[in-house]
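What follows is subunit A paired twice: with subunit B in the first complex and subunit C in the second.
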Partner chain A sequence: MIRFLFKGLLRDRNRSLLPILVVTAGVTLTVFLHCYITGILGDMIEFSAKYTSGHVKIMTRAYAENKNQVPNDLALLEVNDLISNLQKDYPTMEFVQRINFGGLLDSPDENGETKKQGIVAGIAVDLISENSKEIDRINIRKSLRKGRLPEEPNEVLISDEFADKLEVEPGGTVTLITSTMYGGMSIQNFTIAGTIEFGVQMMDRSGMIADISGIQNAMDMNNVCGEILGFLDSPNYDDIKAMNVENTFNDKYSDPNDEFSPVMTRLKNDSIMSGYFDYVDSFVGIIVTVFILAMSIVLWNTGLIGGLRRYGEVGVRLAIGEEKGHIYRSMIYEAILIGIVGSFLGTLVGLGFSYWLQEAGINVGDIMKNSKMMMPSVFRAHITTPAYYIGFIPGLFSVTLGTMLSGIGIYKRKTAQLFKELET
Partner chain B sequence: MEQNSIVTISGLIKRFPIGKGHFTALNGIDLTFSKGQFAGVVGPSGSGKTTLLNIIGSLDNPTEGKANVLGQEIGNLSTKKAALLRRKHLGFIFQTYNLLPVYTVFENVEFPLLLLNMSGSERKKAVMDSLDWVGIADKVKSRPAQLSGGECQRVAIARAMVKKPELVLADEPTANLDSENSHHILQTMENLNKDLQTTFIFATHDDKVIKYLKRKILLEDGKVTADDIITN
Partner chain C sequence: MKRLAIILFLIPTIIWAQEPTGKEILEKIDKNMASKSTISTSKMLIHGARQTRTIEAKSWGMGDEKSFTEYLAPAREKGTKMLKLEDKLWIYSPGSDRTIQISGHMLKQSLMGSDLSYEDMMDNVKLLEDYDAGVIGSEIVNERDCWIVELQAKTAEVNYQIRKVWVDKVRYIPLKEELYAKSGKLLKRMELFDITKIGNRWYPKKIVFKDMLKKGDGTEFIIDEIEFDKEIPEYIFTKAALRK
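Let's turn to the complex of A and B:
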């Protein structure tokens, strides 16, 4: 009997191939959307991690309390030793020094007089060490518009837009006017190695990227930095891992009574990012739930239509003497089989598309060039564990539920009525 | 119940609810069918023929009165027992054949036997015998879509007869067939009636069928207005 019904299922494409295609398409969309949304929102977190917060960030307690003011006078001291210890404590992680700074950037004319001047928002990273990954991490190579990458501590990159405003070209000189960490005035000449464009207006308007050793020298911050950013070995932020690192570090190194002792904050607890994490969680949850519900309704209908269009067949089978329960159960088993096959195929295809988007990404740099939001210019999907099973919710449960509901008609309708429908 | 009778109907009333009222499809039917009869319930559309056949076939229940089929009281049967009665003892032939389109001729005829849990070899023999009776054994691998209307109805008859039921209920079996095919079908059923002593009850208003009947029951407005044994 099972073989007989299975044969019918395979031969009747309206009962097998078509529903499987619909389920596959629905599940593909569900899986892909889940990975896409997770990826985009995760990218924005990762973007923020790379530029400003790391997966974990170490500052002095005093600096952390006033970090919006970028108080370099409260910076971390003896950072080389600290980083050396951190690498021993957390060998799979990478720790890098960062200094955020502000000031005036002066562009002199041929007589050394001010030609143009602008407020600069700068970030100092390790650009010239042999093993530094900072250039790739913050995507400098791809953002370069003119000139080349800095090779000396006194060479800097400024945004292309800012360079136009200051009327300087690569090879030209600019003067950074800022303060040392001890409050003294600092005036330091830098050579423009190149210009960059991040596609993020906030950074493009007045951004400057300098090598950390050049800025440490200019701001009298030798062996000192504002922040140490730590990056986990996983490509995406893992809050549980980060929390473990945060707890063990603070237990070992942080002293609540010493405002200059280092304190670690993980990305999720970063003041800017904490709300965003909640937003991401809610957003992913809402969007995916709405989509799953929508797909569930579509696939539920597939189950319903599949069940309803077989009322004629049901009538024949009843007339021949098959029991209602047997017919009902066989329809549900068919729906489960179709749901499993469709969900499996849909998950496979959805993961395939997602993997492609995870690796290749979609470059929206041109679209986002006027955006004032700080967000990545390449959108990528991100395959997470739920992607492997989330498609089975609409794919399996909805089709089965739809068939079960439509099948209730077999019980609700009197046999003679089903028989009558058979004749129409 | 009369001796040798396989269907006994007494005081049968069937009402269908319509809005706040009801429609009486059968109004006090008293009938008995004996084993081996080749009988027909004839009458115009809406006279209650199909309703009567549905009740005899345990597809519907009487509102009042009794319908005893093969010793079982239809009104008292659970859905499981009604299914069992149909599965073992009754065969149905429909106006529109109602073959399962994705299955071959062989598989369509085999289906009732699968429900009876017969072995593969028993099924094969029974199916081929049945197809031989209706003269369509050469089409075992064809699908219904590849057959003519007459051939489809032969397959439907083979499906109804394959389990050798005591009673076959045929609702307008020739309505979709031309004259020649109708006669072939009716001759086939007549032969089966003679050879296997299977009781046939038709619901029809087709003159071609009426000519073959050995008993003609005229149903008008839910009542039996004539019940004639035809002897020729």
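Let's turn to the complex of A and C:
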């Protein structure tokens, strides 16, 4: 039966070509849209991971409890040893040190007295080590407005707006007034290497990026850091991999009875990101569902039109004595076959486009150059497991349902009127 | 019978007359503790969540308005100087060779990681001017009978809207103080120990501060030496002295 129907599809192209093309096009769009939206929202998550959360993040238990207050007095100690152990345990991952800090940034006048002063919110990353990927990871090269990137531990970047407020230019000196990790007062001079635009209002008002070794020195945090961020080797966040790393790390290194023992949390469990993950899941779900519904109506219509176009054929088949039920079933089988073939082809083409966009990406750097946003400059699609089957929902079910609906008409036709209908 | 009735009537009046008002207690505290000038060497033992740090300092003070502190140890803090003139505060850091005025939100930050803030150190509050004081009871503190004086802020500008002070009934020195937010939440506790007679005044040689919102076991402030009413050269209370 299937072979018979399949031959019918190939040999009677007038009957099958259009439905298959429509199903293929609809499924292609569905698969591509799913991958594209998942990719863009995933890029946003990835950007956040690179900037603040990592795929996994290690803190002390006490720091994790109060992390919104950035309690550097509860920071991780002996981090160089910990990171070298981590590199042995998870050789495909990369681990980096980060320190978030706050305080006052003070610009002096010609007499060394305070000229301007403002509250600063800073992040310390490895900017100057030879093998560091941090500059590219947090995309600061693109955000540079004046000057250059830091080359020495005592060089920093501050937001362009903040530099204007403090009346300092690249090459000028500012003094960071903050606390050491032991609570002592820390007053340290830094040279402004350049200014950047973060694209985030709070950071543009008072943001600073410094090399981690300079801040470790200023805050008496030698071999100490607030957070260690870990990045998986895959380009996109993989929650299952991250969960495995989280579980094995916590089993090996974390002691629930010691508030200063390290504890790892994965990106999805991060308090801020967990909400975003839920949002992304719902958002992708809503968009894809709406699109699938729209495509379903189109493909349903295709099924209906297909059924109506074959009104004459059905009449002849009835006239020569074929059973109504047999005709109805054969039309449904045909629709299923068209749905499967169309969905298969559509999924294949959709995945092809998505794969291309996943690998090549769309560079929005030129379009976004005036937006001054610290955001990904290349948007990519992301092929996920649902992409392999999501197209079959509109492709297969809608065509079949459309055919089933239009096919009901078969049962309403009266044999006595068939010849009259055929004559006309 | 009539005589007994008069005696019974007079007893509470006599007792009432013996209890000073909140204002009188504060005035007596001031009389006991205030001095024209002080020169002291002290140390702060800061019991943090991870370790205890000791910071040594020498201070010169002129009334409530002027003070100058030079930190002597540990090595990282050595040479740091602090100048307070009325409601202004400057810090000099030898490492950066900068004199920085501490203002605004920084005044609320911890002083050298202790349980005190810069604002607490400035302590420009005039208790009698900024608070309504009333005696709300008495209690034994460190085996001393104390009045409990409650201070309610007259304005919203002061840092602590409610203060409770336990004052020694004989020596008129506070033995304990609790500082509250407007909501009634306890923010800081201060306990005074080693009350010593120095000249004609009673003075605490050890004060324990506890920031109730902070981890750790508080900060001990220990006065090693203190001299009252000594002449202090005026140049000490200038910004130029910070760089010397």
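Convention: the second predicted complex is superposed on the first by the 321 of 424 C-alpha atoms of A that agree within 3 Å, B and C clash if a C-alpha of one lies under 4 Å from a C-alpha of the other, contacts with A are read in each partner's own complex, and residues count from 1 in each chain.
The rule is simple: a residue touches a chain if its C-beta (ideal position, glycine included) is under 8 Å from a C-beta of that chain, and two chains touch if they have at least 3 such contacts.
These numbers were taken from a predicted model, which means no experiment stands behind them.
When the two complexes are overlaid on their common chain A, residue A:N244 makes contact with neither subunit B nor subunit C.
With both structures placed on the common chain, the touch criterion links A:I320 to subunit B but leaves subunit C unconnected. Shared-chain residue A:N85: touches no atom of subunit B or subunit C. In the superposition on chain A, A:S179 contacts subunit C only, with no contact to subunit B. The residues of subunit A shared by its contacts with subunit B and with subunit C come to none at all.
Interface residues of subunit A, counted against subunit C in their complex, comprise 62, 73-74, 103-104, 106, 108, 112-114, 117, 119, 175, 177, 179-180, 182-185, 187-189, 220, 260. For subunit B in complex with subunit A, the residues that touch the partner chain are 54, 57-60, 79-80, 82-88, 90, 92, 94-96, 98, 100-103, 107, 110-112, 114-115, 159, 171. Interface residues of subunit C, counted against subunit A in their complex, comprise 46, 48-51, 53, 55, 76-77, 80, 91, 93, 95-103, 105-106, 109-114, 215.
Residues 1, 4, 7-8, 11-12, 312-313, 315-324, 414-416, 419, 422-423 of subunit A are the ones that touch subunit B when the two sit in their complex.
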